[in-house]
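Could you have a look at this structure, given as structure tokens, before my questions?
For reference, chains read A, B, C and D in written order, and residue numbers begin at 1 within each chain.
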Amino acid sequence: MFTNRTINILIPIISVFLGLLVGAIIMVVFGYNPVLGYGALWEGAFGDSYFFGETVRMVTPYILSGLAVAFALRTGLLNIGVEGQVFVGWLASVWVGVAFELPMVIHLPLAILAAAAAGAFWGFIPGILKAKLGVHEVIVTIMMNYIALYSTNAIVRHVITEGEDQTERIAGSASLASEWIAEMTFYSRMHYGILIAFLMALIMWFILNKTTRGFELRSVGYNPHASNYAGMSVGKNIVLAMMISGAFAGLAGAMEGLGTYGYLATKSGFTNIGFEGIAVALLGANTALGVVLAAFLFGTLKIGALNMPTVAGVPTELVEIVIALIIFFVASSYMIRWVILRFKKEGK
Amino acid sequence: ACGSSDEGESSGDGGDSNESGGEAEASDDFSVAMVTDVGGVDDKSFNQSSWEGLQAFGDENGLEEGEGYDYAQSDSEGDYTTNLSRLVRQDFNLIYGIGYLLQPALEEVAEQNPDTNFGLVDSVAEGDNIVSITFKEHEGSFLAGVAAALKTETDKIGFVGGEDGDLIRKFESGYVAGAKSVNPDIEIDIQYAESFAAADKGKLIASNMYNNDIDVIYHASGATGNGVFAQAKDIKQNNPDEDVWVIGVDRDQHEEGKIDDQNVTLTSMVKRVDVAVNEVATLTMDGDFPGGEVMEYGLDDDAISIATTNEDAMTEEIVSEVEDWKEKIANGEVDVPSTDEELEEFESSL
Amino acid sequence: MNIIDILQSIIPQALFFAAPLIFTALGGVMSERSGIINIGLEGLMVMGAFVGIVFNLTFADTFGSATPWLSILAAMVISAIFALTHAVASITFRADQVVSGVAINFLALGIGVFLTKQWYDKGQTDMVSRPFYTKDVWLLSDIPIIGGLFFSNMYITSYFAIILAFVVWFVLFKTPFGLRLRSVGEHPMAADTNGINVYGMRYVAVMLSGAFGGLGGAVFALTIAMNFSQSTIVGQGFMALAAVIFGKWHPLGAMGAAIFFGFAQSLSVVSSGIPLLAEVPQVFLLIAPYVLTILALAGFIGRAEAPKSLGEAYVKGNR
Amino acid sequence: MDYVIEMLNIRKEFPGIVANNNINLQVKQGEIHALLGENGAGKSTLMNVLFGLYQPEKGEIRVRGEKVNISDPNVANRLGIGMVHQHFMLVDTFSVTENIVLGSEPKKGATVDIKKAEKEVLELSKRYGLNVDPKAKVRDISVGMQQRVEILKTLYRGADILIFDEPTAVLTPQEIKELIVIMQSLVKEGKSIILITHKLKEIMEVCDRCTVIRKGEGIGTVDVSQTNPNELASLMVGREVSFKTEKKPAEPKDTYLSIKDLYVKDVRNVHMVKGLNLEVRAGEIVGIAGIDGNGQSELIEAITGLRKSESGTISLHDKVISNLSTRKVTQAGISHIPQDRHKYGLVLDFPVGDNMVLQTYYQKPFSKKGVMNFKKIYEKAKSLIKEYDVRTPNEMTKARALSGGNQQKAIIGREIDRSPDLIIAAQPTRGLDVGAIEFIHKKLIEERDKGRAVLLLSFELDEILNLSDRIAVMFDGQVIAEVKPEETNEQELGLLMAGNTTEKAGAE
């Protein structure tokens, strides 16, 4: 009745269900109407094509930051620096977007590539430090987040502009936004970036599962000693893994810079795109398809939540709690698996 | 302005319906809403003040919260546009964006929705259906500077900014100009925490400043200022005779300065966003939406003022001198600088 | 400014900045020494800050001057209980420990802000009326130079943090409990065959990390932030995690790392008053603490060896 | 005669497998009782049940005649049962003393009374002639020493029934001798011992009785004095086994591997190989005999490119390969069966199939232009699995789920299949049962006969003597003697390995 495969698919579904269930219980306890609350959430995410567009807009960077974390984890690295890599990617894409006047076929790809390169560079530093000096990537990436935050602010303020809080808008030729989509979705900010995100999910899957490079990266991630014994260069693969992960994160920044916003404003704190990427990756079991699905769930919950206070009076934080619970339940899949197997035994 | 009219034409009938829509608006089904920045309507700052303005407006006109007036809370930068658009789609007639951070989002949404009227608080946005509401914070800050210069016993005062940028520079310029006008030799230490939410950084900066004999600090730094208050109160607690002062911002921060029966809040640069928001809403309801205009509120509208709650600290002398300078600003005798360049000019003219 | 003045303004500040990080990092050391990764330190601090502030606001009138102490105690207890979620997930349910830690971070902030909105009807609390204040240490503060550097205008919580670091060191390295706790993190099966309750030890360690993390958050709230909101704890937990690794999972090392962070931060503030450094663009001072940390790691700290079984769920009888 | 231990009708299941089925084991007071069985027969499981790590589904345990319920190791300790595990249960970073007292520490106030503990450990160690340094860190001491720490651990807890799970698999011949002496002195003190080993010779030498289990079933108990190795082996495997590996005389041809004046440093930057010279020719097996720690590992790592050589040359055919990368060395035609199969040999979380192409994944037909062709890879894997009798559900099974013996067969298949000129086999049969050993030896000889050069490193003199055509004895970083297996014996080799060359000269 339940094969291993169905159980693997069932677990996230059950987790989401349990998370929402506990969320509903919390709403009841605090005197809200859960039907109204979740109704508002649904309306806010899919109510009409505008909200749908916004949901997709939100999902786009989540896919990429999720891929970034997932890619690193698949190669044995914990990249907490996605946040910082998003910043530098955003900065690079906007910089290229405002600094040049080029035909779109050159300008847009150039801006996207710049973001990927900037993110890759930001991943290179912890990568090389780990490969050459054995410095723990977690601390370096945490530090690099702060460095990215303050440096991009300073660059926006003093290099790209003269003392302004935000850059100019990027040239139309570097923009991912589309009038066509905007019209379709009553001016949501959904943009072509979602296609890039899908493409990158495909690329991640392809690199890891189909290429010799991916084989090496995974091998090094699982067992560096054996990989070294088999003639692979452990250091090179660590650096490369961090760079590819960083490039995905940089692209997430480009989605914001070239798609959603079209500019970069100085920031007081983190965007959380990177931190939420950790959750997305983990919920998606570090697989490409899983990340895409998890990003959709996150985007839906986040955008839908904005509608909850106005319509149902429920604070948006309820959704944070629900998300946390879903992550817990997925992580504790052992428990769910155990219950399912119990169930199965008794069914027989 | 030229650019925006071009685009107005390109969206064709949108412009027409805007005009007709604007005039046909009857006061009985008028509705107004606002989008906060990440501070939220209880930030004890301009978001809260704006919301109070809307609530007052609602009360005066018998509107119901949720129908007649409402707000949407933003949790991150990405939510601004979503919230604005959502309110448009809920058919609010006038929608405010609170805070300069909303400028790009508001411009974008306003352009897409020419039928709706928008108001932007704290910054200038372009668009025929947008009214920009700004404040002459530099004037208020000037008076804060005057008060600081009069209060200090060490002739050293400090300024703590949140994120460096045009808006906070305006505070800084006014403050420096005010202080120097009273005492050209005064030393002013200016520091930015690079965040509106770094209480620890605020405390470090304040501690460093008070250590260096600075006795009055003006903060324009949101929650970072919590750290400034914490440090001042800490000093006061240890030595009730030591005079250290904080000048609050946006609202009267008298509460924050309380320690036992003393208070470290010298005064606050109060910005009555509520007054402005209420007034513009009323104008709009009456069919006089000042689209495309910049409404600048200052001392003369009582939208900017200096709090005198702490009567022990704000002695009559100080208050009367502050009043004198206020007079001078009102009658144009003093032109308060609002940028670094203007400040430089101002200082050289002293 | 002469050098003494500079030090005098840097050291006490470095210590008050460091204290919350020290507490939290000690919690991290406890948990990770027992083999459980704790990325949820940030969330534990959030919980501690929330509880500390709420308790203080609620009971200031009842308990008077004992309020701040009781507040941090309450924060410790509640955070320890809260950490139980991490323990149950990662020890009993064998959850990926990183995942569970990430969930802790989301959950704490969600609960904290949600309840703030429920109870206070706004996104942030009022300021507390009974925070911690600094004190001069009786007699010691009169010692020339040293007194000014280390015993004047200090929070008692800063000393408490340093003392706790030594206590944790003592417990971990001198007592049977510590020996057992470390063995569980290095080789749980060896511990098991020696009759040590691996799960029990890990539960205790994770709950202690909750207590210390909560303590760190509460101390931050009651010495620095004074109220609780969404943005009270923004990244301090991650800095504490960095201190754990920087300090090589050693309580005194973690303390040193936290003080180093505090020192770098306060240096970046103070340096605007030091002639040579005043010319340096602001951004370099802002990023200095983080760059210094990376350089320190790359330069002379080198490879840090984590507890051997860190991150691995212990399943009885598995090889 | 009274039994100290009686395990009656024990049944222990794991998901999908019955590891022990109705097994009986009765141990007499003061005897050394052997437990014999193939890899995976269920020996360790049975002992873990006795030690309280596992709970049996069925059956009864009696200790000194009393029925007991051993719910966890603490109970076992209290009953005087101690176990030296197959995989050592020691905390690397702790000192010897800390490891021994862990869980029952002597206290002084709130602290561990480490002084007292050290004194006690030293006394115990002296009493049983174990000779350990109580202050040394476990990671700094040899494997043999670690094992003695394990023994001390049980003695410290007052055990008088000791279980040894494959204690000799990881020891050098000298260490085995010492262990045997220790065991005999323990029995003299009135203790009883259960010994698991695959080495029939050891059973014959020290044990009183032997219980045989096969595939989870008890086969029976025999008096060692009434039996012989052949009988034991066939009881265990269920068929006849040949011990002496059949092989024709070698026909050595061109020199393939040639090492001149090689110097290599280890991780601590100490010279471990000091001017070593060695040649291996096509069609011969050269065995390296030596006590662990005389530079063997460093030598192999230097040849295979895993470690830098300081000076001297290593050449394959006439091409110098010193300090080439591992990949280049592999391409030059060297295969390497590593000592530690879990650490170096396999990526345990990869499927068996992927592990089969760990060095060749980037070559045709397994990949083209950087894109993997898993169809080809799994075809290859299937054929290797078949040819080398790797027992695995299929090629998609994770390597982790295979038993040690089958993991080793997979590695050997992979390494031999590359048709290398030189095969370096480091401890290829460590911890394997006689059936598996037989198979692997046969394969290595087959390769030799095909004209390949084989360099064999082993700490088992039997294996060296059986398999080698020429034996190089390594001592202190040099080859101090070369002997022919048919012209020497264990006695002489033992002396040579201890660095005693004069004896050798005298013998010639």
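Here is the rule we go by: contacts are C-beta pairs under 8 Å (C-beta built on N, C-alpha and C of every residue); 3 or more make two chains touch, one makes a residue touch a chain.
This structure is a prediction, so every number in the text was calculated from the model and none was measured.
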| item | value |
| --- | --- |
| Required minimum of steps from subunit B to subunit D, each step between chains that touch | 2 |
| Chain of greatest Cα-centre distance to subunit B | D |
| Between A-B and A-C, the pair joined by more C-beta contacts | A-C |
| Subunit A and subunit C: spacing of chain centres that average the CA atoms, whole Å | 28 |
| Subunit A and subunit B: spacing of chain centres that average the CA atoms, whole Å | 35 |
| Rounded Å distance between subunit A and subunit D, as computed from the means of their C-alpha atoms | 47 |
| Centre-to-centre distance between subunit D and subunit C (centres being mean Cα positions), rounded to whole Å | 46 |
| Residue list for subunit B, restricted to those that touch at least two other chains | 73, 164, 194, 197 |
| Two or more partner chains touched - positions in subunit D | none |
| Multi-chain contact sites of subunit A, meaning residues that touch two or more partners | 150, 153, 269 |
| Listing of all chain pairs that touch each other, if any do | A-B, A-C, A-D, B-C, C-D |
| Contact set on subunit B toward subunit A in their complex | 66, 70, 72-73, 75-79, 81-83, 85-86, 89-90, 100-101, 104, 109, 112-113, 162-167, 169, 194-197, 340 |
| Residue ranges of subunit C touching subunit D (in the complex, touch as defined) | 174-176, 179-180, 182-183, 186-187, 189-196, 308, 316-317, 319 |
| Residues on subunit D engaged by subunit C in the complex (per definition of touch) | 48, 51, 53-54, 72-74, 77, 83, 85, 87-94, 98-99, 102-105, 107, 110-112, 153 |
| In the complex, subunit D residues that touch subunit A | 304-306, 325-330, 336, 338, 343-350, 354, 358-359, 361-362, 367, 370-372 |
| Residue numbers on subunit A that touch subunit C, as the complex places them | 26, 30, 78, 80, 125, 129, 133-136, 138-140, 142-144, 146-147, 150-151, 153-154, 158, 269-270, 275, 278-279, 282, 315, 317-321, 323-325, 327-328, 330-335 |
